[in-house]
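First chain written, first letter: the chains are A, B, C and D, and each begins at residue 1.
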Amino acid sequence: MLTKVYNNRATLLISCPEKPGIISIVTNFLLEHKANVVHFDQHTTDPQAGVFFMRIEFDLENFASSFEKLEQDLHVLARDFSLDWQLSSSEKRKRMAIFVSKADHCLMELIWRWKSNEIQVDIPLVISNHPDLKEEVESYGIPFYHIPISKETKEQAEQKTLELLKGKVDFIVLARYMQILSPNFISKYPNKIINIHHSFLPAFVGANPYVRAFNRGVKLIGATAHYVTNDLDEGPIIEQDVQRINHRYTAEGLKTAGRHVERRVLAEAVSWHVEDKVLVHGNKTIVFT
Amino acid sequence: MLTKVYNNRATLLISCPEKPGIISIVTNFLLEHKANVVHFDQHTTDPQAGVFFMRIEFDLENFASSFEKLEQDLHVLARDFSLDWQLSSSEKRKRMAIFVSKADHCLMELIWRWKSNEIQVDIPLVISNHPDLKEEVESYGIPFYHIPISKETKEQAEQKTLELLKGKVDFIVLARYMQILSPNFISKYPNKIINIHHSFLPAFVGANPYVRAFNRGVKLIGATAHYVTNDLDEGPIIEQDVQRINHRYTAEGLKTAGRHVERRVLAEAVSWHVEDKVLVHGNKTIVFT
Amino acid sequence: MLTKVYNNRATLLISCPEKPGIISIVTNFLLEHKANVVHFDQHTTDPQAGVFFMRIEFDLENFASSFEKLEQDLHVLARDFSLDWQLSSSEKRKRMAIFVSKADHCLMELIWRWKSNEIQVDIPLVISNHPDLKEEVESYGIPFYHIPISKETKEQAEQKTLELLKGKVDFIVLARYMQILSPNFISKYPNKIINIHHSFLPAFVGANPYVRAFNRGVKLIGATAHYVTNDLDEGPIIEQDVQRINHRYTAEGLKTAGRHVERRVLAEAVSWHVEDKVLVHGNKTIVFT
Amino acid sequence: MLTKVYNNRATLLISCPEKPGIISIVTNFLLEHKANVVHFDQHTTDPQAGVFFMRIEFDLENFASSFEKLEQDLHVLARDFSLDWQLSSSEKRKRMAIFVSKADHCLMELIWRWKSNEIQVDIPLVISNHPDLKEEVESYGIPFYHIPISKETKEQAEQKTLELLKGKVDFIVLARYMQILSPNFISKYPNKIINIHHSFLPAFVGANPYVRAFNRGVKLIGATAHYVTNDLDEGPIIEQDVQRINHRYTAEGLKTAGRHVERRVLAEAVSWHVEDKVLVHGNKTIVFT
C-alpha cells in the first residue's frame, strides 16, 4: 500500500540460524557495495538459539551493474554464513497469475489496485474453471483462460494449467477459486500461492463459513489470506481482519458483508507479498509492515 | 455504557411467535397505562412465521403505583397473546455474583465500572475457588467467599455455593473462573450466567487458546462473552472483539495483550445484560445496543 | 449492505415533535392497511419535549393498490398529527447521479457495488469537470457528461448541470468531485447531496487534509461522508471511519492508504441513504443501521 | 504491553543526520562489546539527507561491568559520529510521577497495569490539585501529595511540585490533570511529560471536546496521548484511538464511553515510553511497536 516505483531500489530477505554478528556481517557487506539502506527490519524467534530474519530495502547507484555485482557476491556470502536469501529489484516486476471461479469481487479489487499502480505487478493471465468472467478480464487487456475442471479431468486440467504458467509467473493468487489444488501442483509453487478464506481461521475451517457463522451467532465475521499448503486451510496466515455484524444480518447478508473484508484482506496480503514483506517460518509468517 | 439512573423508568422485553399487529397491541397497552416510550427496539427472525422480539424502555408517572398496575395487567395481556415477557424497573437494581479464580483483571474491570456507577448493580458477593483475591475484594466492602473445589468435593462445593447465592443474586459472572459448572448448577440460572472465553469463538474452543493462537500464527486474538450452557464454550454469544498482534508477540505476550480484550468484552456484555438489552433465541442472542 | 430486492416492501420515515402515543397512532394505521412490519426503528432526542424519529419497513399484499391507498391515507394522517414523512417503495429504485473529477476510486467502488446489486439504484448519468473518466464510465453503459468549470463559467456550468439532472435523479453523490457547489445549486437538492471528505472531520477541514495529517503526525487517518450544505465541510455527518498508519507513511502514502477508507465510507453512506436509513436532524443524522 | 523483566537487557536509542554506513558502525560497535541483538528497528525520514533513527534492544553477559564499559565507549562513538543517544538498562526501572485531578479512570488503569507488572516502573508519588483521590492512591502504598492551584498560587504551586519531583522521577503522566503547566515547568521535562487529551486531535482542540463532538454529530470519538509542549494540545502525538458511537449517545454518554478509550490510549503510550519505543522528531514521533 506504500509502494512507489524507485528505479534503483533492491530488497534483500535473509533467514538463518541465529548467530552472533549476523547484522554486522550483512550491513558491512552492503556498505562495501555502496548500498544506501532505506528500510531495515529484523526478527529473531529466540536471541540465543532461534531463527533470524532480516529484510533490507536499499538504493544503489549505477543500479544495473551494481546490482549484478552484489548478487554475485551474495552467493559467496550466503555460502560462507549459511544464509537463506532472496534478492529482488525494483526494475523487475513480479508476475502474478489470478485464479477465479464465478465471484468477481476479489478479482476486481486486485485489478483495480493494479490499474491504479498500487500493486505493482504484471498480470500475464487469469485462469478460471468457469467462463463467466472472461469478458470482464479481457476488457483490461489481460488474457483469460477457461480451464473447466471435473473430478475426472482434474489431473489433466492442472497439467494444462501448469503448462500455461510455466516460465510466465512468479506467484499465484486464488481470488475465491473454488477448487482444491493437488499436492503436485502446490509443490511447484511453494509459498507462492496465496488464498483468501472467507472466515477468521481457524474458526469455520472448510466449507460454507458464512452459513456456519450465522448459525453459531458470532458477532464478528472475518477473512484470512494465507499461503496454500497441502493441509487445507492450514497454511501460514499472512493477514486477517474482521467486520462487526449483528442479529439483523441473514446468512446471505453475512456473505455480502464478508466480501468487503475478503477483498481488503486479500489485497493487503498480495501487496505485502509483492513488496517482499512476508517471510515464512514453518507454518507462520513474519510480516514486516 | 449509556446507563444513567432514571427514577421512573421501566424496561419491557417481549418475545412471541410472529403475529400481525403485535406492535400495536403492546404499544396501545403501554399508552393506556400512560407509559412514555423512550427507546423502542424490535427484531423478527422472519416477518411471515418467525419469532418476534421487542424491547421497550419507558417512563411512568407516579411510578410505584403505575408500575404495579402495569405489571398486573401485563399478566393478562401475555396470557391472551402468548407472550414471553420480562419487566424490570430502574428502582430495583439487579444483583450480580462474581466468580473468580486467581486472575484479577476481569474482576477489577467489573468492580471499577461498578464503583464509577457505569454498571448499576449490587454485588452481594464474590466467590472463588482460591483465596488469593480475598483482600482485594473485601477492600471494596464486598463479601468474599473462598470455596475450594476438587474432583471429590465438587458436588458439595456447588451445593454450598448455591446456598450462598439463594435469594441473593439475579445473575452470575464468571470472571475468568477456572472451573466447569455442572448441568445441575447451570439449570438453576438459565441464561443468567455470563462467561468470558479468552478466544474468538469458535476458534480455539477449549483450553489454552493463547498458546494455540500463537502456534497457529493468527494475526488477531479475541475474546468472547457468552451465556453458559451445558455445552462447553457453545452457549449464546453476547459480545466478541479482537486485537491485532504480530510476529513479535510470544505466547506469553498474547496472554498479556488478551487480558485487555477480555475485560472490555466481558464488561460490555455485563452492561448489556444489566440494561436488559440481550434477548436469547435458541443458541443466539439479539442485542439491542 | 443488507439489501435484497423485495417486491412488496415499503419504507416509511416519520419525524415530528415528541407527542404521547405517536407509535401507537402510526402502527395502528399500518395495521389497518394490513402492513406487515419487518423492521421498526425509533429515536427521540428527548422523551418529554424532543423530536421523534421513526423508520418502519413493512410488506404489503397486493402491493400496487395497497401502496397507493396507504400513501393517500398517509397524507391525512400526517396533516392530523403534524408529521413529516417520506414513503418509498421497493418497486421504485432511487436514481443516483455521480459527480467526479479525475480520481476514480470512489466512482469505481460505487459502480462495482451497483453492478453486484449491493447498492440498488439506477445511475442515469455521471458528470465530470474533466474528460478523463469518460471511457471507463461509458464501458458500463452509463452516460457520461463532461462539463468543464472555470471561475468565469461556473454559473453557466451549474445551470447546464441542473438541466441535465432535472427530473432524472433523486440524489447526487460527489465521489471526490473537486468543485464547490453554489448555494443555489445545493438548495435544489437539500439533504440529497452526499460528499466524501478525505479526513476525519472536523479535523483537517478544508484542503489538503493528507498533507496536514502527515505534518501533524497523527496515528490514524480518516474519511467522512456527509450531506452537503452551504457551510463547507460542515454538513450532517452520515458515516466516518479511520485507518491506522505509522511513521513509515509519507504524505503520498497517506493519500494512497486513505483512498480505501474513502471508498468504504462513501459506499456505506450511499447504501444507507438508498435504503432510507438516514434521517437528518439539524446538523446531525440519525442512522438506523 | 510485551514487557517482561530481563536481567541482562539494554536498549539503545540513536538519532543522527543520515550518513552512509551508520548501521554498520553501530552494530559493529555492539558486536565488539559482545552484545547479542534481540530487536533492531530503524527509520529514516529520507535516505539521502534525512534524519536517521534507530532502536536496538540487546543482551549482555556479565551485565553490570559490560554495561558500564559499553556506556563509556558510547560517549566516544557518539562524539566521533555526532550521534544523539540514550541508553537504558533493564536493571534500572524508570520512575513515573502521576498528576491527577478528580477523575480516577486513567490513574486506576495505570495503577492496575503497574500492579500486574505490565508497566514496569516505580511510582514514587501521585500529585493532585484536589484531595479526592488521596485514599485510593495511598491504599496502594503510593505517596499522595495534594497541591491546590489557583491563579494566584500557580507559580508557587509549580515550584513546590518541582521540588517534590527533583531527583525522584524520570517522567510525568498527566492522567486527566485539569491544569495547564507553565513553560518553565515544561522546560524541566522536555518530551518527558505525557498527556491524554479526550479527543481525536486535532479535532476538538481545547476544552469540552465531548460536548463539541456531540454537537457536531461525529460518528466516532477518540483520545490522543501526546508529549506536552508549550503549544497546548499541539505536542508530538504518541498514540490515538477511536470508539464508534451513534445517535443514541448523549453528550454525557460520550464522556462515559470516552473514558475507556482514554485509559487504553494513555496506558499504551506510557508502556511505549517506558520501553523506550518512542523517539521524537520535531513535532512528530517515531514509535517502534
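One rule holds in what follows: a contact is a pair of C-beta atoms (placed from the backbone, for glycine too) under 8 Å apart; a residue touches a chain by one contact, two chains touch by 3 or more.
None of the values given here were measured: they were computed from a predicted structure.
S.K.: By the contact definition above, name the pair with the higher C-beta contact count: A-D or B-D.
M.R.: Between B-D and A-D, contacts are more numerous in A-D.
S.K.: Name the chain whose C-alpha centroid is farthest from the C-alpha centroid of subunit C.
M.R.: D
S.K.: Hey, how far is the Cα centre of subunit A from the one of subunit B, in Å?
M.R.: Whole-Å distance between the two chain centres: 42.
S.K.: Averaging only over C-alpha atoms, locate the centres of subunit B and subunit D and give their separation in whole Å.
M.R.: Their C-alpha centroids are separated by 36 Å.
S.K.: Residues of subunit C that contact two or more other chains, please.
M.R.: Within subunit C, the residues that touch at least two other chains are 39, 248.
S.K.: Classify the chain contact graph as line, ring, star, complete or other.
M.R.: Per interface graph, the chains form a complete graph.
S.K.: Give the list of subunit D residues in touch with subunit C in this complex.
M.R.: The contact residues of subunit D facing subunit C are 43, 200-204, 216-220, 222, 236-242, 246-248, 283-287, 289.
S.K.: Within their complex, state which residues of subunit D touch subunit B.
M.R.: Touch list, subunit D to subunit B: 1-2, 4, 39, 104-105, 108, 112, 116, 118, 139, 248-250, 252-253, 256-257, 260, 264.
S.K.: Where on subunit D does subunit A make contact in their complex?
M.R.: Of all residues in subunit D, those touching subunit A are 20-21, 23-24, 27-28, 30-31, 34, 36-42, 44, 47-48, 59.
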